[in-house]
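Report on one structure; see the data block that follows.
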């Protein structure tokens, strides 16, 4: 996937990062809706091997009612936006969720993790998106995995999960509808990681373009670009490492909520998570090595500038001195007595004095050029 | 939380760090009050699910007497200031504390740790505060955890624990009063770690401001700032790593002093301690990468300065030479014989000599500018 | 093996790296032929201790039919090119291969790994080739190991495995034909690793040549070369580390598909994989240390340039000033009144003024040279 | 402890480091007295809870005889100086010491370690002292720990152990006399580590002073200082890491020579050893970061120097060219024909030519200053 | 051991490193004599507690026959040179050696390792020698350890093992002749490691000399030296790390070929291998820190050069401008009309114009010097 990046124009790569906003010493397990959060919208997907029903609503009670129509199916309740207190309270009560869990869902600066709580699993992924304008969005995607229900929470209605919905609708491969909610959580997590590849590859292309430009001409703008990529890599690494640990937990888990048949898929996702860490690390090394290249090139350029200055100065400063000598006004005749002062610059009165001086200067120029050539100051 | 930092004005970030002051070879287990330490003040909090009594005193015996009134309650004895020998001696005797422990409480340069001693646990946290004037205070907070009593020791009466006291008084969430002293120690430790987030976020904002200023103009002051943040990060990391290990010890501990119900909260605190280490590490990387940026920008600036010098010199030095040539006084007539010396600078007597020389100089200027433009010395 | 490398001429070392091209969220286990992939060609090698039959075809069914003629022999089915869907589908059905495995075979950006699936093993190696023009090709080599059959898949018909085919044909050492497909997979994997040595040694020679040139004259081109080698090392390390882990898995495996007799050979291959990692790491260190050398030399050179400029300027600028002084036109006679102005530059009318000035200038030159010599500015 | 360090004057921090001096291939277990070693002096301390007898001698037999008077007491035989062969031979025979152990005692370049040999333990500590003149002395302190006897060997009679002797004499805390030789070895080892803190704190103060001076004026001398501290840190780290491992061995040991009651004290010493490693590591980071600061400041200073040069050159070089132009001698009259050459520098004959030229030059100066101010070359 | 190193004269430290020369894909276990290898010479040492017989030959059969005379003795067969195929083939057949082992003996680029093969152990050490001319030779020393026979293979007849032969002949310490071939292999391995100390100490002395010279005058040659030492350190580290692991294997091995009595000696050798790694690591750190020092000093020197240039330019360029002004030829009389042009440089006709101008220039010089002194440009 090749992006044409407008190298010139955008200096800074910006990152929208969640920060811990809660007051220190707050009651643990209390969760308050952030006022700027998007109101919750819900989509319900109730499916079995040969059937799928979708339902969109803003009312959690209707969503539950809809799911209750299909007691034998698998359900995926996709909550977009964390801004409606009733929705979260209702889910907490209905499914008996620990309040520390609800707090982590709402405070969207958590690291990826996987916690087991008797009748449900609580899982966090970080969903990273890179807009065309190089704006990185680092969003939290939380899951509650029950026996035949998966609830997912995202911060807004802009996500990278559309391919999963499409596959669910098209039923391309029987597994998704057959293997229950633990396959669904795998599919969602794997899609999130797959998206990391897209971003890292795009940044890799960016680095290659930057490298090409660097070899042509090292510019400050390029350094800004490399710094920007490095900064993104620090962010992505912070997401990718715990992601790997989390999936490894899944692999080793004996929790019955994770169906045995899905283990082979989690192994695949684990491979992907290792690959992405691998890629990020070598991208960071490449970025560092490009910065070194930039500095070397700058130092080269400075050297070249200084050589230019030195060669010009070394040639002309002595010549200027010589012509200065013959610009002196030492008198050849005493102004008062009129006596001839024949020691005062007799060269000036030699018939070919001028030509001789020109000759001497030419010799100096040639000698200096010869010296600099021999020292290897010309050329590369 | 966005701070408006007075970037200009404060050069140095200062750290008040405890240092090992004891003489080498001192008797282990002996503890002597540091003369500069604050005299001890005590607050007693005796509570049960529906009741809370507070009592403030400077006399340890009165404090004990107060607690003895409520034999069935949980007590928190909050000792502020380590300057009164009697208080410490009395606690040592009354609760049968190992003298090595008392020594560690008084010598306030210990790393966070967690030691089990039969009937009590000894725990150390480091409480880090950052004043508005960027003064970092690194204080020791020691705990003795008994069956229904928690004793905490701090160096002075300035701390970050007020939110816990408020929650205890308001009884916002039933847990705090119900779950005994091991919940109280969790609440205090977690509040301390929460405060780390506040500091790190503030320093993160600082780095962002510095970065913005760097892109505008790299100044020495900004470098001082980055160095200051780096220094703070080294200090905080030294506190945060053992903090994590300590909480992990709590999690794995089978000591009955740590109630089973509080384990889930310690897991939460453990998550926080990992998050903070994570944040500190990426902040350090960011600081290092900003320093690199500063150096690159300095080197860029130098390059620009040198290019300016070189362009001006390269253009004017040759011209100055040329005008110097025609300032030479070679005579066109022998002063004695009056003979015409027609080889001496005949150009000077050409009707348009001056114009021709001006033309030559103009050509040289144009040629040089063309050369520098082609070499890409102008522009970025 | 000494290569004569055309140091001058090729600036950039290029790497043909496979990238994850699949769409995020794609159905796991689905595999689609990449349209640019080479159509599949197959070679079958059916052998036993004293016999070998080879067969080349483009039709997978014929290949199977050929192998069925020799039910007691060991077979190696060598598939070159992944562009024919029927071949892959047929193999998947015939040998009952997991579709995640087929996907990994087709998506040729996998890390080396070793996965056990009941009746077969799935193994991935990365085959790295370095063309004469310093083009690095990083190809995937996948294996399916059955009881008496080994299927290998490569991306095209250009490989490093010819020596194995030769040994199989010549039957140099009895082992290859006797020890079944697990020896064959060892032989292929070991040949791939052996080829890493060739590449690393070649790059080592490159670094030595670069070092020789650096000591003579540090040029930008040499820095490009070192950067190029560093980049290759990052790529090779990404292949070599998981390679080692994979072979270690073989060593520890108790899977009956890996014959006990071949374990000693895998130990040998394991040694090789450790050696190559070792070599790559010290090559990277050497490359880094050459870059440092380059920077030190550049800084030395700059110093030398600046010293030249400073010496010339320091000598001639004061002299030019002096001759300028005596080029001033202060009048010795008032133009209007004709009065003698004897304070105005009487030196100009001294009989030996000119000689005295020349003497003063000579003294200045000598003094300055003496000063610079004493400061150690001449010489090294 | 605040030292007033004479920053100016001492350039180099020197380290007296032991080096392996033995010939390669020497018989293992043979030990030869180094001829430059100090002759052995011995002090015997025989003590029990309420009694202490001291005895100083140069004769090992007398020392043994002295100890034999008190068969029920604990003995500490403190050997200072390793230069007397008889003493070492006698101890080897009398206490049946392995000759490899004797070799390690004499060859004083060993790492800290702890080896168990049936009836005795062999322990090595490194005793580091820093003289006022910043001379670091890295001495070996070896112990043989028996059931009721501790023999210690030091290289000379200058040590840091005096506080232990004082405590033994004053019997400040009952433990020392009661807990036998394993407490004594703890007390000595802990005193050695305590002294590390003194050194590291002193070097920390040094770094702070250096930092203060750096902010005022970056001088070469300060860089030497930082390098010196870094070098000391490398040395101390080499001693501190194995020290920690050694004490950990003590903690885990089940050897009856280490009394169970002393375990809690070894835990304390272990804490100290971790703290000191921690301190050394952050000191090294601080030193590295000060070096970076020095380099940044140097680069800043260079920038400032270059800006000064460039501003002066940029202003005056063009002006000098202009005045050079009007110093040219183009004739306004043909010397032979006397014709007026009116194209030759008519400006010179304009009534206000001089004033106009001065005006032009003033304009150029103002324009340039305006340009440099706008580029931000003045100020910081 | 203090070497007087001829600092001036030798620029490059060279390393004779073995490289993998075999063709990739070669038959494993096949071994071909390298044509450039030295023909094999053999020395046989047959010994028991009180007797030793030596025998030198070029014929392996005679060597065997010689050993057969003393069936109850321990034998050491020392093979120098790997160039005679018959010798190797004969040993392979006679002692039933695995062909992979023979291959490793001949291909002398192996890492140190220790492999157990039923009736014998196969051990590889790397013997590193440093010639006076700073030529590092990295040779392979292979061992086959049998019940009462040790066979050693070296690449040529130049080794560091002479001290062992001397001890065997002189029977200094009874152990060597009594403890069988596992003591002999220990003695040889330990002597090899002991030689590492000699080399590292020598390089340490080198670094100290370089440091002394650096403080006097930073020269390019010194940087070459540091780079050379760093390169040697990379090589030695690659040998030392696996050496440590190998000896650790010996320590843990329960193989009866390693006599229990020799275990304590292997523990000693293990200590040595850890010490040498320790030394190498701190030497590398020291070398890196010297390179940093070199760069800082270079940057200091550059600063000084630039300051000199700037001071001289800043003083004389303005003065040259001023004298240029009064060298202009503005006319005081119209050449045609003869009118007095009194605005044209009236200063030139002032009776003390010249003195005033000299005064102004003196003032400028003083002002500038005062400015530079205040800015701290003079002195350090």
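The letters A, B, C, D and E name the chains in turn, as written, and every chain counts its residues from 1.
To be clear about the criterion, a residue touches a chain if its C-beta (ideal position, glycine included) is under 8 Å from a C-beta of that chain, and two chains touch if they have at least 3 such contacts.
The UniProt protein names, listed by chain, are A, B, C, D, E = Magnesium transport protein CorA.
Quick caveat, the model's predicted, so the values are computed rather than measured.
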{"item": "Length of the shortest touching-chain route, chain C through to chain E", "value": "1"}
{"item": "Minimum number of chain-to-chain contact steps, chain B to chain D", "value": "1"}
{"item": "Inter-copy rotation, chain A to chain E, in degrees (Cα atoms; steps of 5)", "value": "145"}
{"item": "Between chain C and chain D, centroid-to-centroid distance (C-alpha), Å", "value": "40"}
{"item": "Separation of mean Cα positions, chain C and chain A [Å, integer]", "value": "25"}
{"item": "Junction residues of chain E, two or more chains touched", "value": "295, 299, 302, 306, 309, 313, 317, 320, 324, 327-329, 345"}
{"item": "Category of the chain touch graph - line, ring, star, complete, other", "value": "ring"}
{"item": "Ring path (origin chain B; first step to chain D)", "value": "B, D, E, C, A"}
{"item": "Contact set on chain B toward chain A in their complex", "value": "1, 160-164, 166-167, 172-173, 175-176, 187, 190-191, 194-195, 197-198, 201, 204, 215, 264-265, 267-268, 271, 274-275, 278, 282, 285-286, 289, 292-293, 295-297, 299-300, 302-303, 306-307, 309-310, 313-314, 317-318, 320-321, 324-325, 327-331, 334-336, 341, 343-345, 376-377, 380"}
{"item": "Touching residues (chain side chain D, partner chain E) in the complex", "value": "11-12, 19-30, 98, 100, 109-111, 113, 115, 217, 219-221, 223-224, 227, 230-231, 234-235, 238, 291, 294-295, 298-299, 301-302, 305-306, 308-309, 312-313, 316-317, 319-320, 323-324, 326-329, 332-333, 340, 345, 348-355, 357"}
